[in-house]
Amino acid sequence: MKAEPKAPILPLLRQILDVQRYYRDIVIAELPLTRKTWDIQNYILECERILFSPRLFREICIRLASLMTSHIPETDFISLIFNLEDSTLEALATTVQCCLEPDLVEAMGITVRELRLHKLCPLDPSVLAEFFLAAIVPFYIAYAYQQAPKGDWQQGWCPVCGQYPVNGYNRPGDGRRILGCWMCETEWIHSRLTCPICSSSQEGQLMLFLEEDSNRRIQVCDTCGYYLKITDCTQAQTGCDLQLENAATVFLDILAQRKGYRPASHPQRFTREMR
Amino acid sequence: MANVVLVDTQKCMACRGCQVACKDWNRLPAGATKFRGNYTNPPTLQAHTWNHVVFTETDKGRWLFASYSCMHCTDAACINVCPVGAVQRTKSGTVWPDGDKCIGCGLCVQHCPFHVPQVSKATNKMGKCTGCAERVSQGLRPACVTTCPNGALLYGERGEMMQLAKDRVDALRRQGFSEASIYGDLEMHGLGRIYVLTEIPSAYGLPETPGYNASAWIWQLARRPLGTLTSIGLFSGLVVGFLRWRGERIQHKDNYSI
Amino acid sequence: MTNHWIDYQHSDVIMAIGVNTAENHPMSMRWIDRARERGAKLISIDPRLTRTAAVADIWLPLRPGTDIALLGGLINYTFTNKLYQREYILNYTNASYILDPSYSFADGVFSGLADDTYNRDTWKYDLDRDGNPRKDLTLENPRCVFQVMKAHYARYDADTVCNIVGCNLQDFQLVAKTFCATGAPDKAGNILYAMGITQSTHGSQNVRGTAVLQLLLGNIGIPGGGVNAQRGEANVQGSTDMAMLFHILPGYLNMPQAMTHPTLADYNAKETPASSYWSNKPKFLVSLLKAWWGKMATGDNEFCYNWIPKLDGKNRSHIAIFESMAKGQIQGMFVWGQNPAVGGPQAELERKALENLDWMVAVDLFETETASFWRRPKVDSETIKTEVFLLPAAASYEKDGSVSNSGRWIQWRHKAVQPPEDAKSDLWIADQLYKAIRYHYSLGGVFPDPILGLNWDYGQGEEEPDIEKVALEINGYETGSLKPLENFTKLADDGSTACGCWIYSGYYNDLEVPPTKRRIREQKGIGIHAEWAFAWPLNRRILYNRCASDPAGKPWNPKTPLIYWEGGEWQLKDVPDFAWKDTPPEKTAQSPFIMLPELQARLFSPGMADGPFPEHYEPAESPVRNALSPQQNNPAITWWQGLGELASKEEFPYIGTTYRVSEHWQSGIMTRNSPWLGEMAPEMFVEISVELGEKLGISNSSQVLVSTRRGEIKAVAYVTRRLKPMMVGNKLVEIVGMPWHWGYRGLFPGDSANVLTPHVGDPNTTIPEYKAFLCNIRRA
Amino acid sequence: MKVTRREFFKLTGLAALTAAVVGCDWDEDPILSQPLTDAKEVTTICPYCSCGCGAICYVANGKLVSVSGDPDHPINEGALCSKGASLLNLNTVYNFRTHNAEINPNRLTKVLYRAPYSKVWEEKNWRWAMDKIAKRVKETRDASFEAQADGVTVNRTMAIAHLGSAALDNEENYLLAKLMRSLGIVNLDHHARL
């Protein structure tokens, strides 16, 4: 299904996406991984580590920073990234992989404040945290591309990196629910009438949507208060690119949060006891 | 390359879900039908019936089913013949009848080799399958394809569907259907609806070599200056009366008999 | 069904006998096609070239009512070519039992016939001193079941069968070769059947024929095998389990008979066999009585056993009810979601019988032919005295509740929308009806105790009753703590447990996530889906699954193992159907069928009303003599007075048969009110062959009149090549096929085919013989 | 200038980053002022043949919008046959004159009563109907009740018959079996036998 360019953020976002996917192939080429069949307890990266190289990370950061400055000139901090040592880059990568805080953005924000990186650049610490997260994503996508398990996963969280999904779609044909990870772009099949976060199968799955586009819906769960953005492609010709859909449906996020629901990528407390 | 519908007549078990789904999506009323000695009902396509399953009994004792609807031909008779240009080709390659422009002259009814377009007595407008143009443009699949329970109707890019059709025909030949063939690859320079058949096309009521006669082409030339003059007045009324009389005569001759 | 829909994918050969599966169970084709992708073959056995036969690999035309002749031929083919699975029948069936010398079979009649009922004393095994049947494991003894059966079916050689059935020899041999090849241990043959073989005066024996064939080929209890009845309605399996039938109580407990079970002790003594799981029957009955009468049922009043009405030994099935109604013996009637005026046999007699009622309560979604019998065509309403209440009911998604499909899956339905205006759910109607009756009986009346004593508090006033309470009562609970029972192994006969239907126990045993509402698909496996909803009994998906592996515990078919012995313990992919807890395979090898006293399958079945072996008889009205034996019809049929005189083949020369089309459903009242479905199948039509059309001068789509001894209807003729005259003996026999969905109500009215069908039924079940009778057809 | 992030909206991944950088403020975006319609997806089982296919009813503010195959259901995996595809028509049909969806006009929506020898149905309410039916049942049962039959307590009535149904749910059939047997009815059957 086509992502209507409703949100003004799409042009910049498309370029960042292309950069991320371009670097995914470079990471796969430079740091190849043999595919293993996993017997997953909770998720693969719970005890595994992604392959990381500071050099490539720096290159991605520079590329992204230059992209952002081309859009908004005053956010120019490419010089800052040049003189970041490898050790700080390593520190940033480790925070993402073994952080105990459920909300990755919060964790990154804490590290950025500790390293006082935000002092040197015009970005707000949490925005800088999201920037570095975006820079690490290619390593995650590369890892997931090579190790993601096939077929039904039936759990609510991502089988590779353990993040909760933010959006998903009903695949063309039989309409089975495909959930996608916003971090490592893994897609897995999940049952349609159980909430992925608290896995309670209510009597009826509540959906909110705008009259004009009834195929883009917010699936809300009243037992745990989280929501999910679902695009119905049952009768469509192709599925949809979840990252683009996520950006194109930002207005649904806002409408849902105005109603008091939370996105699953910012969990308040651990709903799983394993971390 | 435009997208096409692939109809696999061997997988089809004539549950006629496609006929119900088409009426449901396009909000088409049910007509008063009678039982006419065959399960095919309504017997032919009508202005308010754009898709129906045709049951044919072959003399070799087989019972064949085929979901029959507009073929969305590349070289479409209805587009070329229409004096007022009421039949257009949409961006997604389907042949779409424009209700406002149509004057119900019946020329397309007469010249379509598949007898698909029909003029409604109530609205005097031509009605036929639009190929779900508004659904396809939003990236959806046609209504009849989405409801088929066992994959007899498929929708996709022409190259892919042709490849699928070839594999299917090879498999059927291996199973012993010597007459298995693809219909719609070359007919009318390529149809928008490709069939995998297990018997020769005429066994399904499909014309062996569909085409439309030259007179339609001549009409095209004569019409064009008149069209530009936009003189809808007396002259075209006269023409329509003459055409309607001639249409009745031809319509009678090659009556669509099963 | 012994297996379930998804299990069809493991079949190697699927024989659809007496079922038009593509038209009436379209979703079964999804799994049949999965099997065919692996090279499986679909055989369709049907008088007409139906839509199933059109897509099937092999079609065998057969004269209606001759299914036992065909199955007998296949059994004979299996014996003569030794295709039976010897190790399977030796251990899992009673093939090796020696029969009592008093049993005999001659001229088409079994021993013990007394005018029209069999005295079954002579159908027994030869017992040794301490009462166990004597066996001959070499299967050589001429009196062992195996040899007696072989001799019995030796008469069904290919030529005789083709003569009776009316098919040609090559088709028969192709079907025999293809299907009987599944006798190989690692091959799975699957028999689907439906009304095509059950609606006959020897319907039960038809089904027994399929069971015997499957047992010989070792296809029972294995994935992809089994005898699978494809039932016609969403909850016909559930309504049969809940015993909406005159002769049983919920859970298939026999209704007490006045002569033989005056007291509870008599009932337990006579009805409880020594061995098999049925030996727990007292627990089931007492729990049922506790569920119905709660605290009133105590040990000293035999748990209110006497409050259950006792039968008088007579048949009270559908045909019997309308026969006694025709005689004016019934004053009031409830018709709850059913349309006998179109679906019942000899419909004109049944509609006439309805006029003798004083009052009738009909509950339905639409105005049915039954509820409006008093204003049917050609009838003067003013002469009909019946007072009719027509109550509006809710549709399937306008109410909560569970339904059981053919595969014994009990699945929950959630309420999506409110029923329109005054329509109510049937639960609410039943609840209100009880409260009104209880109120009137509280003011006094004849013997009100069983009514006032009912344990019934599902909702106050006019609010919707709490369906969870009903589900808990069916599931069973401990009377003390009201805690739901885990399953029926926990039932007791001292009144400490209450359970509405013992076979359903376990389907609602956990209020948090009741098994019937589970929606977890199976990740890896062979399609058992053990955590999707609940399958009675005990969530067992394939019955008799001990037979899925050989006596030593090795799976017959390693590709689809179900229950097998490996590494010193049982590997279970399904709930086992035998006592498996730490017992080695050898001990369980002799008892795979835990519901039968012999604990082994019955090739020789003394329990049937019309013979231990299936034997071919002609239908009640048949154009030809029985070529196998002088006995023309099944000797055990009861000839009802309403049937009247049988048709003679001179006056009514053609075979009539009724069936369905995929656009309509049952009496058509739901589908004939949907404009799009009616447009596709608008009118009542009959199908005749081209040859018959020429002979009688009937052209295609012309009006015809079809008549039998019982009545006459108008219809459109469909002269088709899909129906051919059949060579039976030396006579060409013609068939007239009729769908039966039409009636005088709905958007698309038409004449009802059941005006023509006879009031005669099967000895065991009295299911009417819709599939074969004699009729005549002429131009209108 | 400090690029700050709008605190109260938690966006995720790239959307968050780009929203912060591009700094779009949503308040006057017209799309946010539209009301959200709520809808419910409820599972059910098809009432027609005994395959037991699963379907999802899509209900928007109390009205049935569509019924489609349940993709998670292992038997039909999201597909439905022609009867299943027309399941919506049991409740809602499209009116070609007024061009909107309405309740199927043929559905019974009122309690109907036909007096003896009358030619027409009359509309009644539930309470009246239940009361009258209870009276009828009581009269017929009391007139025909047999407590004993040649020495054996039988507690039955032959004068009332019940044709129960395979179209009803299990719980409904169970209640009817319990009620009818407590009334002493032996003429009880249904169309599993036909």
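Just so it is clear, A, B, C and D label the chains in written order, and each chain counts residues from 1 on its own.
In the analysis below, contacts are C-beta pairs under 8 Å (C-beta built on N, C-alpha and C of every residue); 3 or more make two chains touch, one makes a residue touch a chain.
This structure is a prediction, so every number in the text was calculated from the model and none was measured.
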Report task. Decide which interface, C-D or A-D, involves more C-beta pairs in contact, and give its chain pair. Result -> C-D
Query raised in the report: In whole angstrom, how far does the Cα centroid of chain B sit from the Cα centroid of chain D?
Result: 39
Requested in this report: Report, in whole Å, the distance between the mean C-alpha point of chain C and the mean C-alpha point of chain D.
Outcome: 26
**Report entry** Inter-centroid spacing, chain C versus chain B (mean Cα positions, whole Å)
**Finding:** 45
Query raised in the report: Taking each residue of chain C in turn, which ones touch at least two of the other chains?
Result: 26-27, 30, 414, 416, 519, 521, 662-663, 675-677, 680
Report summary line: Touching two or more other chains in chain D are residues 40, 42-43, 59, 72, 76-77, 79, 81-82, 86
Query raised in the report: When you check chain A against every other chain, which residues touch at least two of them?
Result: 191, 193, 203-204, 234
Query raised in the report: Which of line, ring, star, complete and other names the graph you get from chains that touch?
Result: complete
Requested in this report: Going by the contact rule at the top, pick out the chain A residues touching chain C in the complex.
Outcome: 151-152, 154, 191, 193-194, 201, 203-204
Requested in this report: Provide the residue numbers of chain B that touch chain A in the complex, in ascending order.
Outcome: 3, 135-136, 138-141, 143, 146, 155-156
Query - Touching residues on chain D, where the partner in the complex is chain A - result: 1-5, 8-24, 26, 29, 31-32, 34-43, 56, 59, 68-72, 77-79
Report summary line: Counting only contacts in the complex, chain C reaches chain B at residues 22-23, 26-27, 29-30, 33, 49, 51-55, 661-663, 675-685, 700-701, 716-722
Requested in this report: Can you check the complex and tell me which residues of chain B touch chain C?
Outcome: 10-11, 13-16, 19-20, 23-24, 29-39, 41-42, 57, 59, 61-65, 149-150
